[in-house]
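Next come the structures, one after another.
Across the two complexes that follow, chain A remains constant while its partner is chain B and subsequently chain C.
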Partner chain A sequence: MVKITWKIAGKDDITADIPIGNTLMEAAVDNNVPFIEGECGGCLSCATCHVFVDPDWYGTTGAPGDFEEDMLDMTEVERSPTSRLSCQITASTELDGLVLHVPIPD
Partner chain B sequence: MKGPIVVVGAGQAGASFVSRHVTLGGDAPVILIGEEPYAPYQRPPLSKKFLTGELERDRLWIRQPDWYGQNGITTRFGTRIAELAPSQRTVITDSGERIGYGKLVLCTGSRPRLLPDALGGSLDGVHTLREIGDADRLAERLGGSRRLIVIGGGYIGLEIAASARKLGLEVTVIEMAERILQRVASEQTSLYFRSLHRDHGVEILESTRIVRIAGRDGVARRVELDSGETIDADAVLVGIGALPNVELAEAAGIECENGICVDEACRTSDADIHAAGDCTSFVRNGQRIRLESVQNAADQGDLTARVLSGHDDRYASVPWFWSEQYDCMLQIAGLSQGFDRAVIRRNSTSGGQSVWYYTGERLIAVDAMNDTKSYAFGRRMLEMGMNPRADQVEDEQTDLKALLQAGMPK
Partner chain C sequence: MTIWHPSDDGHADLSDHDTFTRGVPHNTFARLRREDPMAWCEGGQFRGYWSMTRHEDIMQHNRNTELLSSARGIRMEDQTYEEYVARRTFQETDPPEHTRTRIRVGKAFSKPVIDRQSEVVRGLCCRILDTALEQEEFDAAALISRQLPMRMLGQILGIPKQDLDWLVTKGDELIANTDPEYTDHILDRDDTQAYRFMPFRSPAGADLFRYAKRLMEERRTRGEGGGVLDLILEPDDGDNVISDVEFRNFFCLLVAAGNDTTRYTISAAIHALACRPELLEQLKRGDDAIWRTAPDEFIRWASPTMHFRRTATRDFELHGKRIREGDKVVYWFVSANRDETRFDRPFDIDLSRSPNPHLAFGQGGPHICLGMWLARMETRILLQELVRRTARLELAGDIEYLRSNFVGGIKRLPVRVIPETPST
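After this line comes the complex of A and B, so read on.
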């Protein structure tokens, strides 16, 4: 298990223990993180799992892959320099303590 | 509204309905009723990573099973509704229990079209795939088989063919139309998938009908074709399309035509009854259509929750769909039916390509094979009603992002 925190502007943070190997999209849905839907089940077709990785952590999560990079151009909230699709990040020990910010549509 | 919202069908659309109802903080109590003995789960992996054993069962849930109760949703999984009594605003379970509703949402989905018994459709070893139980049975059968025959070259059949190859089986796909995917894609896309499967060792027989599946002691043994040829098989998968589950609605006098007819707010012909997902049909560009996709089920379920909470929303999403076969990811945006021109755009970075469909100057759909860039930008363009010129799109040197931005309202 690793600890992941989602920060949601205007709401309480959500922190949860996530099984290693699950994607952070699955983790968000399981923990009721608002605005993260994961409609396509993690196959890079919906972009409803968009998160801003906390800049301090971006070095650890790493940058998006090629297909992910393309999908980041169609997120509902415009991408930032640390945007990722959370279905493409898998919980691992290096990510223990990771902080994600949830994009909030208008 | 007097009485609870009753949702019949606990699949993708039912799950999206209750999720949105909860996030909107809807006051009306909700009862989610489903025939399958489980909480809603994702069907797409059933023909893909679940079938090959790469994805475990407990990762199929759309939401964790305890989420529903924790969020005030009453669930009745393992309960089939046998009848609707709209004049009494009541649904009746197969054990005769009556459940009253203020509003009713039908999310009954669709079911595989079966091969008639006379053609051998009920022999042991002949499978269809819709539910998790079907996937378990199919996986078990494939485990002990050497040769699979897939009847029907649609998405589900082709995905299962790819999964069976991964599991080491020999596979033949039989398609009665001139080409696989004929009903849903252009010739270019069909061609792409035909070569993909042949490269992976699948035999594809097009313009071929089956005469019957022949068995011994009730077990399927071989498939006889109209060409006179006979192919031995240990397992047969029938993937010849799906039928909408409209019987409840039809018997209750609700208007149906290739699905339960709904308007842009997912209302049926009965003011207190909505419908969402595979079971519905609706009018798009002057034609009544029915879609079988996660996008449609999720968006209609979501929209219905918004409408029942008093939002004045209209269903206008650009449809999207995906399929995975071997190392190819197909992504589709829009609806290509009725196109009069299709152009191909190559993506030499990813080794993929996309097909852009037009009617006249109007862009109507994009099929992207290992080309997420074309899918992403094509979908954005469709959502914005943009019509990039076909000759520009066709030219790989044209930057799609720049094309999109040039077309955006300032």
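After this line comes the complex of A and C, so read on.
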């Protein structure tokens, strides 16, 4: 298990223990994190699991892959320099304590 | 007052299109979910197939494209390899090939791009409704539901207005290729051998291809570009250009998908509002919150795309059944959307349902509907404008269903609309 925190502007943070090997999209859906839908099941087809990785953690999560890079142009909230699709990040021991910011649509 | 009760005896033939002319056989799906969730079904004129009916099972398998592939056909129909190659679109591919194509066209259908079209959709909805409501009694399927989706797709693709009615007719011939009202070449009754290399095994495919070629030439002459069709014709990173056949199939896919599915959602929604006046009242009183959840609830309720098929790439077991390599497996999204274990009161419409994990767009897998943001927006705005204009809505005759187990719903919807008195 690793601890992941989702920060949601205007709401309480959600912190949960996530089994190693699960994607952070699955983790968000399991923990009812608002605005993270993951509609395509993690197949890089929908861009509904967009998160801003906290800048302190971006070096650890790493940059998006090629397909993910293209899909980040289709997110509801415009991408930032630390944007990722959370279906492409897998919980691992290095990510224990990771902080993600949830993009809030208008 | 209930909206609609299924009348099948729990043992309906899912391969027979006639079954669906009485509405979706939900008693059969409920029994299968309960007793036989991976059920072997005789395929009628085709080989038999496995019916997967539970929400949980479809969610688990839909993303597993290595086990259950789209690259050997996605409808119940059996195809030879030659037929498959001649007719395939990116719907009939698996990742990563599928992902590459999808990314090329995805942006044009992404939420931010679609959101920018909302005033265009509203303008279309107002014109359609103002025309329809000139009469008190009319067929809402013909005058409302059938009008909106193709007009909107026409805007997105840059199709001249005068061609839209022709395109609706051709789109109907493609997808409704099992209903004699819409085609002279009924897939399961007539000899369609001559069209086996055409999209949807229909001669409409050839007509649409000629049309698309001419459209693109005219657009090029006028110096227009940047549309969805231009995107798909651009060379990819490896300088590959899609073939004429692939372009034809993609255009037919857009026409078929853009024409048909949302039409049935709109009809199902209007039917529900006519049968349950309190739903109309809820929407009239409702604030922004209800308009965020209501469209998806109507889409769940309608489930216009009832199934897609996959093919097993190796032997596996599920619920005690041995599925063999090459077996067809059908995901019944329409059944998953009534799954009692996933939805509280699945046979009721709850306009505030949230979360609403329905699978009407093929959620849980890479082939999730490309047009889902457009579908949600069209449903929302059409209903907002209808509700605003309507004091009372009643059925004015018997409804009729499309003859199809694939994409379908209410095709005839006689209604009486008592308009809202204009406020002074």
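In this text, the second predicted complex is superposed on the first by the 106 of 106 C-alpha atoms of A that agree within 3 Å, B and C clash if a C-alpha of one lies under 4 Å from a C-alpha of the other, contacts with A are read in each partner's own complex, and residues count from 1 in each chain.
Everything that follows uses one rule, which is that a residue touches a chain if its C-beta (ideal position, glycine included) is under 8 Å from a C-beta of that chain, and two chains touch if they have at least 3 such contacts.
From a predicted model like this one, the values you see are computed outputs, not experimental measurements.
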Report for A:E39: first if it touches chain B alone, second if chain C alone, otherwise both or neither.
both
Is A:D13 in contact with chain B, with chain C, with both, or with neither (first, second, both, neither)?
neither
A:D30 in the overlay: touching chain B, chain C, both, or neither? Say first, second, both or neither.
first
Thinking of the overlay built on chain A, is A:D56 touched by chain B (first), by chain C (second), by both, or by neither?
neither
Is A:M74 touching the first partner chain B, the second partner chain C, both, or neither of them?
both
Quick check on my understanding: which residues of chain A belong to both its chain B contact set and its chain C contact set?
32, 39-41, 43-47, 67, 70-71, 73-74
Interface residues, chain B side, partner chain A - complex
23, 42, 44-45, 59, 62-64, 67, 294-295, 298, 320, 322, 324, 329, 331, 349-350, 372-373, 375-377, 379-380, 401
Can you list the residues on chain A that touch chain C in the complex?
32, 39-47, 67, 70-71, 73-76, 78
Touching chain B in the complex: which residues of chain A?
22, 26, 29-30, 32, 34, 37, 39-41, 43-47, 66-67, 70-71, 73-74
Under the definition above, what is the set of chain C residues touching chain A in their complex?
59, 62-63, 65, 95-96, 99-100, 102-103, 106-107, 110-112, 355, 361, 363-368, 372
